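You will see two complexes here that share chain A, one where it goes with chain B and one where it goes with chain C.
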Partner chain A sequence: MKSALSLIAALAASPAFAGVEEVVDAHILPGYAAFEASAAGLRKIAAADCTPDAVRPAWNDTFDAWMAVSHLKFGPIEQDGASVIVAFWPDERSATPKALARLIADQDPIIDTATGTAQISVAARGIYALEYLLYDPQFDQAGDYGCALTQALTADLATIAARVDQDWQDGYAETMRTAGAAGNQTYLSDKEATQALFTALLAGLDFDVEQRLTRPLGTFDRPRPNRAEAWRSGRSQRNIVLSLQALADLAWHLTDGTAPITDAAMTRAIELAEGLDDPILAGVDDPSKRLKIEIVQQAVTTAYDAVLGEIGASLGVSAGFNSADGD
Partner chain B sequence: MTTRRGFLASLAAAVAIPSVTWADAGSPDYLAAAREPDGSFALYGVTAQGQQRFRIPLPGRGHAGAGHPVRPEAVTFARRPGTYALVIDCAQGHVIRTLTAPEGHHFSGHGAFSADGELLFTGEIDNATGSGWIGQWTRAGGYRRSGQFASGGIGPHEILRRPDGGLVVANGGIIAALDDDRTKLNLDTMRPNLTYLALDGTVEEQVELSPDLHWNSIRHLAAHADGTIAFAMQWEGAAAVTPPLLGLHRRGQAPVMCTLPDAMATRMQNYGGSVAFEAAGDRVAITSPKGGVLAIFDLDGTFIDMPVRADVCGVGAAPDGFMLTDGFGGMARFGANALAGVAAFDVAWDNHLITI
Partner chain C sequence: MKSMLFAMTATTALTALPAFAVERAEVLDTYANIAAAGYADSLTTAQALQTAVDVLLDQPSEAALQAARTAWIAARVPYMQTEAYRFGNAIVDDWEGRVNAWPLDEGLIDYVEATYGGATDENEFAVLNVVANPSFTLSGEEVDASAITPALLQDTLQEADGVEANVATGYHAVEFLLWGQDLNGTDAGAGDRPWTDYTAGDDCTNGNCDRRGDYLRAVTDLLVTDLDEMAAAWADGGAARTAVLADETAGISAMLTGMGSLSYGELAGQRMKLGVMMNDPEEEHDCFSDNTHMSHYYDGLGVQNVYLGSYTRVDGSTVSGPSLSDLVAQADPAIDAQLKTELEASVAALAVIRDKAEAGMAYDQMLARDNTEGEALVMGAVDALVIQTRSIERAVAALDLNGIAVEGSDSLDNPNAVFQ
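== the complex of A and B ==
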């Protein structure tokens, strides 16, 4: 490990940071615009025909678009906890199906208005709640109320996506671009904006390893396939690939393509994830297939180390002086 | 290295001129330890306007510390499990005394002065059992050890002087091995408490949380002028649970737990890093460096706001709200209702901001 890191240090010719401006223009703004557009499309389709068969393609498009921005856990998406509302996962206590079942059992009229829907449990809102409604047999017979709930949740999601997209366009993009300028109260130095993007990159890779891979892998004696993300819709592997692609895109723009070790590690992780041929990571339960998933897990961990060693070293930052420190 | 002669001389000077005050160290409003870009460490004195008043090199990463109520003297503790603490003359810019934990103890990382500044109290943990002690040191004797008493629980962390002069201790409840990972040995049975102590060690009141919250390690403290104690916690239980991380306690009453709206609760990452009341007013803030947020509550436990600041941990009272420091060198202020930048230093601010 030590030799690998010193090799990284030796090979790293300090990446130059085109940095913030390029990430905002080429990665963030297009990402949120696409998320807004697909969520708006989802709302429209569900309003016209709320049956799962009709809604699923637009829901998948929206999930794809979300995967391109889900790692950006700062700025407008964090206002009022929106990121948790959009993506309530992992859900270790099965709060989502419980909350949905309660709404349906009560035929709760709170979802009749947008204001009301915004007040229901966060577990019953967003992309993952919709996955239950669209794919889980438990909600097949939800009837007219289930239909209304699908429409309410898609509208709620579209409202949030539109607000976040608008907030980026109206101000937060400029806030990032002017990091360190007098009067910028969010980013006190240009380094702080770069740091926010670097942190998002690291945290995104960590989330892929810990939540999307390590949780379903469980232990050899006790694999946990039902902990795979979005297995009901068959998206577990797809989400890993999409997330890695988004993170590779972020790393590329952040460094203006001057971080070869990171790029190589990201490319390898993406190729291995694409090659899994295991949409719901069912292979965690099969010794021969499990190894392939563990190799992806190791490859993403290697990419994390590359980002930390190569990009982090040249930024002069680490994962966070205090956040990494138990106290 | 402080020579004995140098030590005695500085001590004599300090005793001979009782008028030496924080003004002689540039009247800083806060003390904060930091890591420098070159990897070394230092103690900074800074003002509420973000101006540096002094910078004193430290031999290693510190934890928290305490400022003398009058004299420009600060005690900084080694990082846990640490066995030394440094008394620093902030006016002269050097270490005047190294305190060594008694055999078999290590420092918890926090300490507090008595109101008159004549006694220093240090949080200490028995290496073998994890049980807590408060060490007493007398300033007049050159910070000599002058006593100790039980902290009232296991694994004390922060200790604080109350507005009425007594002490309050966060007994975190955790027995940690003295290995590099600080492996936690008793999570199943941990029972943290908040203990009010007289300066002679008499236990005046103890507060335990409800059994379902026994995994909530009470670690950091702040005191309101009216005597209300705020305690920040770190959750050691199941990650799927998002318990309250801040409690408010008034003597003789049950603690009020400060809960967050459920969409916000997960953002704290079940980790409270530091806590402070504002100087004039009734708001209290708890930071989460792991979540990059702070949560602000009213004195009755009502949630007010959750501002975002990456790696934020240090928090102290500011005249109109809170002063905040983070691991990326930022100093920011939360006033009436928004964060505003104060200064950007090229350092990584360490966990705690000490208000002078």
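== the complex of A and C ==
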């Protein structure tokens, strides 16, 4: 009896998930296609009318689409530092407003060409730099140059989104699907591709806890509401929800839906995050609301532990190194 | 026929495991011995810095300031090679912020140029200027800073108001007090603090020379105290040595975790790639002294030291023994060969940056927007570091280290440290 039980336990623990193909087809490729399409739309709208009111809806759509893929820190998005260009955040030294203000003060003509824009500081490019231009009163009076800058940055973003989408379609999807096949220099075994996805899942949850929640929470005596992500556009809570939904989707496809503890933990974290009713996490400063944010923080940590314990063991892989290692 | 059989036997003998296979315990012993030597060297070179600082403060002169700067640069050589120990060992990681925190809002400590700006969204105390202010309010509490002591720096000012950029202690605080701000942007030149910033009486430049001197003395003394603590932790019977030897599998994981986290997230990412992409001269590790090229080089060398089980001490002698490389070679010779080659390549790429900087193109100049040559040099090293990280992951798999947890590592801080 005892041995039969052990056998069942052993079978249950053997690698049952082989979801690389599913993740590529159902999660990654559609995610980057949507990001490319929304960024192209943003470029077009900004080219026609660069005023903040006109550009904001398309910018928000693009940010939404980015949230569905922002955790994928490997492959084409890592080429030429594209992930940092698209999303330069957190910005602990306020490099973004400083770099934008300098370009505007200098009326720097480098943004007149796409090649020139690609050379400016990464702090002044991408989604978060555009947020400053579109929402921060500091840049209300940026005039014609501010308009040209919005157009240059949206075009730059669209170019990157298109390149990444194309690179996935043209080769990297196949590279992942053929992990372990002869001649595949990137993934020497199928486990290495699985490990890349598993690492992205864990690092994504870690980012939500550490950057999106712990940083604005600060301490009870010294909360840091202005460290909340994208508070100028009122997206702090929304981004947490969208990120968790994307990570739940990744976990689901990676495991073919056979990780019940993870699914339950993710579902609970998403529900709690949706229930915050605190778009910019201003509640970190209010003892009665602060607790709700801390509960979300704990729920995401629980989801992280669930992924580690349940999925990691079943896949037979450990997390690899990720770009957030270090301090 | 007989000779062919003999040949076959010989082949078998070649592919069999060596009679004296390297044991994990021996590899960990080498690892701990190198740490002990590295921190001991960091301590003695910091003591030499302390002596030079005492001379500067007792009898200020241009020569004394230069001597102190030279001693600081020499002290970085052994210390940076120990950074490969940081991420795998909780005892080191918890302590590290006291000695090497970076980047810093140096206006907390002393005067800065107007272009530095004032308080920021993130840091109310970015221009506190302790040297000029014997009392001030910090997070609602009145602070008496009339005496600048190691305790004031460590307990009150370090990470004041919960802001990491409030760095009051460690190598970079000393560096700022010896060099001052580097006001040259991405052009040539490092910080240029005059030695008269430490002169008594009317010859004092920039005010408060006595308090500045007190700060420099206190922060240097504290650095020596902190390094002494870590050297003791790796000596026989020390806490860090005991921790890493306690569990062989966890210990080997700690070695690889330290190598991978430093290579990828920290050095290649935070310290190198980001600076190039931001074109920001303040995004260089030793931004006051322009010694960044040396610090990066010795970081990379430290990673290689851990893998090859060999460290060349400040006095030229070598500490070495059975290595992680030996261990990986037993499990998978191809991965070992690959990783050795890649480590050599990253150290070589960092050496090119070092040599270029020594020849006149400082690291911050390499970050300039239009310096394509500099950018290529930095990114070459970044790429080499990223490549070796993949092989470090493969070494983890080859040694079958999956399924264990590294003691003391916070899983959320450092997911790769938990192989659960």
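What we mean here is this: the second predicted complex is superposed on the first by the 303 of 327 C-alpha atoms of A that agree within 3 Å, B and C clash if a C-alpha of one lies under 4 Å from a C-alpha of the other, contacts with A are read in each partner's own complex, and residues count from 1 in each chain.
Convention: contacts are C-beta pairs under 8 Å (C-beta built on N, C-alpha and C of every residue); 3 or more make two chains touch, one makes a residue touch a chain.
Treat the numbers as computed from the prediction; the structure is a model and nothing was measured.
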Next on the checklist: One more residue to check, A:Leu308. First (chain B), second (chain C), both or neither?
Outcome noted: second
Item to check | Partner chain in contact with A:Gly180 - chain B first, chain C second, else both or neither | outcome: first
Next on the checklist: In the overlaid three-chain picture, which partner chain does A:Pro216 touch, first (chain B) or second (chain C), both, or neither?
Outcome noted: neither
Next on the checklist: By the touch definition at the top of the document, which applies to A:Asn322: first (chain B), second (chain C), both, or neither?
Outcome noted: both
Next on the checklist: For A:Phe74 in the superposed arrangement: first (chain B), second (chain C), both or neither?
Outcome noted: first
Item to check | First (chain B), second (chain C), both or neither touched by A:Leu188 | outcome: both
Checklist entry - A:Gln119 contacts which: chain B (first), chain C (second), both, neither? => result second
Next on the checklist: Which chain, chain B or chain C, ends up touching more residues of chain A in the combined arrangement?
Outcome noted: C
Checklist entry - Which partner does A:Gly283 contact after superposing on A: first (chain B), second (chain C), both, neither? => result neither
Checklist outcome for this item: Footprint intersection on chain A (chain B / chain C) at 81, 84-85, 92-93, 121-123, 188, 191-192, 195, 199, 316-317, 320-323, 325-327
Checklist entry - Once bound in the complex, which stretches of chain A touch chain B? => result 74, 78, 80-82, 84-85, 92-93, 121-123, 180, 184-186, 188-189, 191-192, 195-196, 199, 316-317, 320-323, 325-327
Next on the checklist: Quick check: in the complex, which residue numbers of chain C touch chain A?
Outcome noted: 87, 97, 103, 120-122, 139, 161-162, 164-165, 260-267, 269-270, 273-274, 277-280, 282, 369-370, 389, 392-394, 396-397, 401-403, 411-416, 418-420
Checklist entry - Contact residues on chain B for chain A in the complex? => result 35, 37, 63, 109, 182, 219, 238-240, 261-264, 266-267, 273, 289-290, 292-293, 308, 310-313, 326-332, 338-344, 348-351
Item to check | Touching residues on chain A, where the partner in the complex is chain C | outcome: 81, 84-85, 92-95, 99, 110, 119-123, 188, 191-192, 195, 199, 202-203, 206, 209-210, 218-219, 221-222, 226-227, 301, 304-305, 308-309, 312-313, 316-327
